[in-house]
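Common to both upcoming complexes is chain A, partnered first by chain B, then by chain C.
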Partner chain A sequence: MSKGGAVAGLTERAGDRLFRYGVLCAGLAVVGLAAALALELASGSRLAWSEFGPAFLWSSSWNPVSERFGALPFLYGTLVSSALALAIAGPLGVGSAIFLAELAPRRISDACCFFIEILAAVPSVVLGLMGIFILVPGVRAVSPFLIEHLGFLPFFRGTPYGVGMLTAGLILSIMILPYITSISREVLLSVPRPLKEAALALGATRWETVRLVSLPYARSGILGAVFLALGRALGETMAVTMVIGNSPRISASLFDPAYTMAAVLANELAEATSDLHLHALMAIAGTLFMLTLGMNALARWMILGTPTARRRP
Partner chain B sequence: MGNKILGLALMCAMTLQAPAAVRAGDVLTLNGAGATFPYPIYSKWFDEFRTVRPDVQINYQSIGSGGGIRQITERTVDFGATDGPMTDKLLFKVDGKLHHIPTVLGAVVPVYNIAGTPDLQLTGGLLADIYLGKVKRWDDPAVRKVNPEAKLPEVPITVIRRSDGSGTTFCFVDYLSKVSPEFEKTVGRGTAVNWPVGLGGKGNEGVAGLVKQTPNALGYVELIYAEQNGLSHAAVQNAEGKFVKGSVAGVTAAAAGSAKNMPKDYRVSITNAPGAESYPISTFTWLLVYEKNSGTKGKVLNEFLRWMLDSGQKLAPGLGYAPLPPAVAASVQKTVTTIR
Partner chain C sequence: MSDERTYSILEARGLSAGYGSGDAIRNVNMHFYDKRITAIIGPSGCGKSTLIRCLNRMHEEIPGTQVRGVVALSERNIFHMDPVRLRRQVGMVFQRPNPFPTMSIFRNVAAGLILNGLRGERSLAEVVETSLRQAALFDEVKDKLDQPALNLSGGQQQRLCIARALAVEPKVLLLDEPCSALDPIATAKIEELLLQLKDQLTIVMVTHNMQQAARVSDWTGFMLMGELVEFGRTDEIFTTPRDPRTQDYITGRFG
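Let's turn to the complex of A and B:
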């Protein structure tokens, strides 16, 4: 009230007031929507929480017949597949962004970026089909080699079915790559030219300029891109369901089938007849909601903690 | 205000009049929801029924049996549909008399992908042991014993099953639970179960796709999906000891075999049915209809169901579904007359 009114003079025009309340309503609606979602998830899952308590989160049985439910295998699958995707797409995305922003001629860079952004628009079910027809046979063909040479690690043991955690991680990395690349490129392009020129004038090589000037300056933006990508990976449903094998078991091997929280919701919600089953699924949804919320909070905290963010007004 | 009251009165008058003569342009809409497995035949029926009654529009959402049961229990739809009969516990929550009306039958077949596609025979006990993870390889003595002639690979079996809750799974595990006490104890019956082994595919098409792609895989799908995808399916030993391949005729035989012991409410499992020709992994699929319905809806439902049991049944085999055996259809006709 006070600030806007003071600037505009003593009286606020009707149009201004209308605009202000309109925008206020829109803003409140967003908050209200999130609150309503949280409330609905809480009330829809109360049976599961009262039956299993917090142990729901670390219990690993999921048996709709005997009605014993626990979220751990899904929590594990979601976190590991997303981490795998970030491990693959993170360096690849930032690396390609550095190339596109710093090394490639502007015209080529723009053209590449156009195609990368198209990749982000591919529907996930299409990517899932591509996963089934290309990635799954590919992983099945490569895994015996990995088992033979890297089999001393627990991640590379077991039977190569083709579908499983590794394939899910790969498909997720393809899905999140465009986010990391195109945002990171944009951020790197916004690094002030004089800064880079100063570094070059001091005799820094191209690599040193990127490492000591561009990357530190763009760090908060790149972190933001990575967390946006992580958010997408955590919630991705269709493509993952199609290639992960959907088995609620925890296994160190990346070749074994696994399950994610989003996938179990897509699979079982339609046919859940008993109340407890339905409430357990809602509890999974609530857990996923809290996880993404936590990740976002962490991202905020990390981005605010970077020096560039503090420097900016 | 006055206009509203007038409108309301007019509407009341129209509803009272409606059964006698539906005016041209007035379309009565019925909404249903439920099972996905019979969706192709249901949409064909609802389409064809319009030629009989152009003034009736039936909408059907294939949201899954679980959703169908929930919605008809809350009366948010005019009829539901399910692949597995409702349990007593679920029926207890229903307010009013809800009928299970069997419509058609389907079969679940074990499909496999073995190089050279040898003819494969399976007993119920063997199938249960494979899905329990006890029989792990194609060259296991238990597999060899029922397939002395077949050339089987010396590799592990890649077991594939549904990951989503489904009536297909219910029918399959219902059969395995009947033939293997151990399966009943460790896995049990349900639209979604806790599988000890295997990879999960989403939907019939997901399982068919995985089996087609994975060498040495074994999975289970609805008969029609096996045929559409050109997957070879195994013959399964029935209650009389004969090995029968899944087919429309085998399913109708199974239904006829269990028609004698048909309970009054039609909530019956026909897996492992008696009869030499019976295919053992078969199931009815049901519409869920209240005995008393509001307004003219009951009358229209009644008319549709009688049409479905007569002309509708002839459309079933063309789409891969088995029609009801005549004895069952006759008995269902009698039940349908009570719906109003």
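Let's turn to the complex of A and C:
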């Protein structure tokens, strides 16, 4: 090897090392940040945990005056509003993804996807405002009909204020729909063409091909999209705070006002005066953190489980 | 020129097809005789796949394709038939083995039957077994029918795909270079299998391998740049071709 080559090799190796350490530091910084956050949440909430113990999670009183704190109404509000959003946006999102990926011509599909992604970029305050001006009166207008015809179910009873669990679920479903649709579409588009052709050559119709080949192949990816959306819904704050009614109670009726973990944090954190109140709020923040973390981990695990690296002869 | 002991079940008349800009095949006239093997040979890009895909309208699955002329299945123009019905009668096996990756071996073979509904009083298991036997695969997989299809070797996967196509009892089976992803032993198995299947159905096969065409087919069509240059009995094509271009190709004098 010539001298010049050796020198070049050396500097290259040095650059290589620099790059490695740089990347390592960046990676460690991210991990460190997450760890610091978890630590801060833990130490900031220790009073609440020592005062109420794990019962904090299933106690339903929330009274800053008498200093009784329990997270259940918020946990309930977060889970139910997210589940509602998923029940609406899940079938809708997957359905539209099937349409966009399998039936619509590619150009129309791409155009639709562009608008759907714009929807995902709308700030949540703006959506919240739309919720106040459109969804709240809308829900108030249709609820008498629901009460009359579905009133035998406990979910559709009581006084329709307009704000409440149903409205929150609706606005959340609008927020997560773009995620479900665009990721599911992407996953469906990645189904190998030869597999679809195999089904078609057997005499399958378009829909049968979707059912026989595309959906099973894309299943884990679609599930991942749904869980990613769920993670998003669980943590969503602004829009929900604006339309859910912010009342810490547990009621089966979807018309009743409720409260979510994110919303109570946004509303009370700045005004909390007593240490216990502050720590109780931090305990809620920690719970929410764990919940969304778990949901995202699940989603990622499922998306990575998509059978793309299958053995081919 | 015809086959005295049989009849033409599938026929292309003045068939042209293309992908938006210009024709990939032009004015192809060709007979496919019942219970015979017809091979289509020619250099890469000459339109063999385009032609064979037209025969069961799979070309329509590629956006922007157009087609002119007639393909008649038992004297009925297939372009006036329901493509779904047509494909149940004219099955297809592709170049790369493409079993359904999420399904077991059994489910793969049963897929077409589950779609189309079972005919007669035979049970699903019976049809699956018969199809696997026809594809000379049954003995190799009979103990692992519920295992994923992807656990099989490439050659086994290709025979599984043939079994899957056979299960719906097509009249015609189209194969587009079915052996090009396989080793010589797996290739020999498939060739043997095709010769056995000839008793039951009509086979159309695209191949790059001239020895293969000579070994298994009864009729051969030679294509060049989108045109069917010569069509005739395989032994005649390979011994006394009438067109000098065919002569050049089969003697390997082609660029």
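A few remarks follow.
The rule we apply is simple: the second predicted complex is superposed on the first by the 284 of 313 C-alpha atoms of A that agree within 3 Å, B and C clash if a C-alpha of one lies under 4 Å from a C-alpha of the other, contacts with A are read in each partner's own complex, and residues count from 1 in each chain.
Just so we're on the same page, a contact is a pair of C-beta atoms (placed from the backbone, for glycine too) under 8 Å apart; a residue touches a chain by one contact, two chains touch by 3 or more.
It should be emphasised that the depicted structure is a prediction, and the values quoted were computed from it without experimental measurement.
Once both complexes are superposed on chain A, the partners chain B and chain C fit side by side without clashing. Within the superposed three-chain model, A:Ile134 lies out of touch with both chain B and chain C [touch as defined at top].
Seen from the Cα centre of chain A, chain B and chain C lie 160° apart once the structures are superposed, a value rounded to the nearest 10.
In the superposition on chain A, A:Ala198 makes contact with chain C only, while chain B stays out of contact range.
Of the two partner chains, neither chain B nor chain C is touched by A:Ala34. In the superposition on chain A, A:Ala252 makes contact with neither chain B nor chain C.
By the document's definition of touching, neither partner reaches A:Leu18: not chain B, not chain C.
When the two structures are aligned on the shared chain, A:Ala55 is found in touch with neither chain B nor chain C. For the pair chain B and chain C, the minimum alpha-carbon spacing after aligning on chain A is 50 Å.
On chain A, the surface touched by chain B in one complex and the surface touched by chain C in the other have no residue in common. Against chain A, the residues of chain B that register as touching in their complex are 63-67, 69-70, 87, 90, 156, 158, 163-166, 187-195, 198-202, 206, 209-210, 213-214.
Note for the complex: chain A touches chain B at residues 61-66, 132, 136-137, 140, 159, 161-163, 241-242, 245-248, 257, 259, 263, 266-268, 270-273, 277.
Those residues of chain C that touch chain A in the complex are listed here as 56, 58, 61, 63, 84-85, 87-88, 91-92, 94, 96-103, 111-112, 115-116, 150, 153-155, 157-158, 161, 164-165, 168, 181-182.
Across the interface of their complex, chain C is touched by residues 105-106, 192, 194-205, 208, 212-213, 216-217, 219, 307, 310-313 of chain A.
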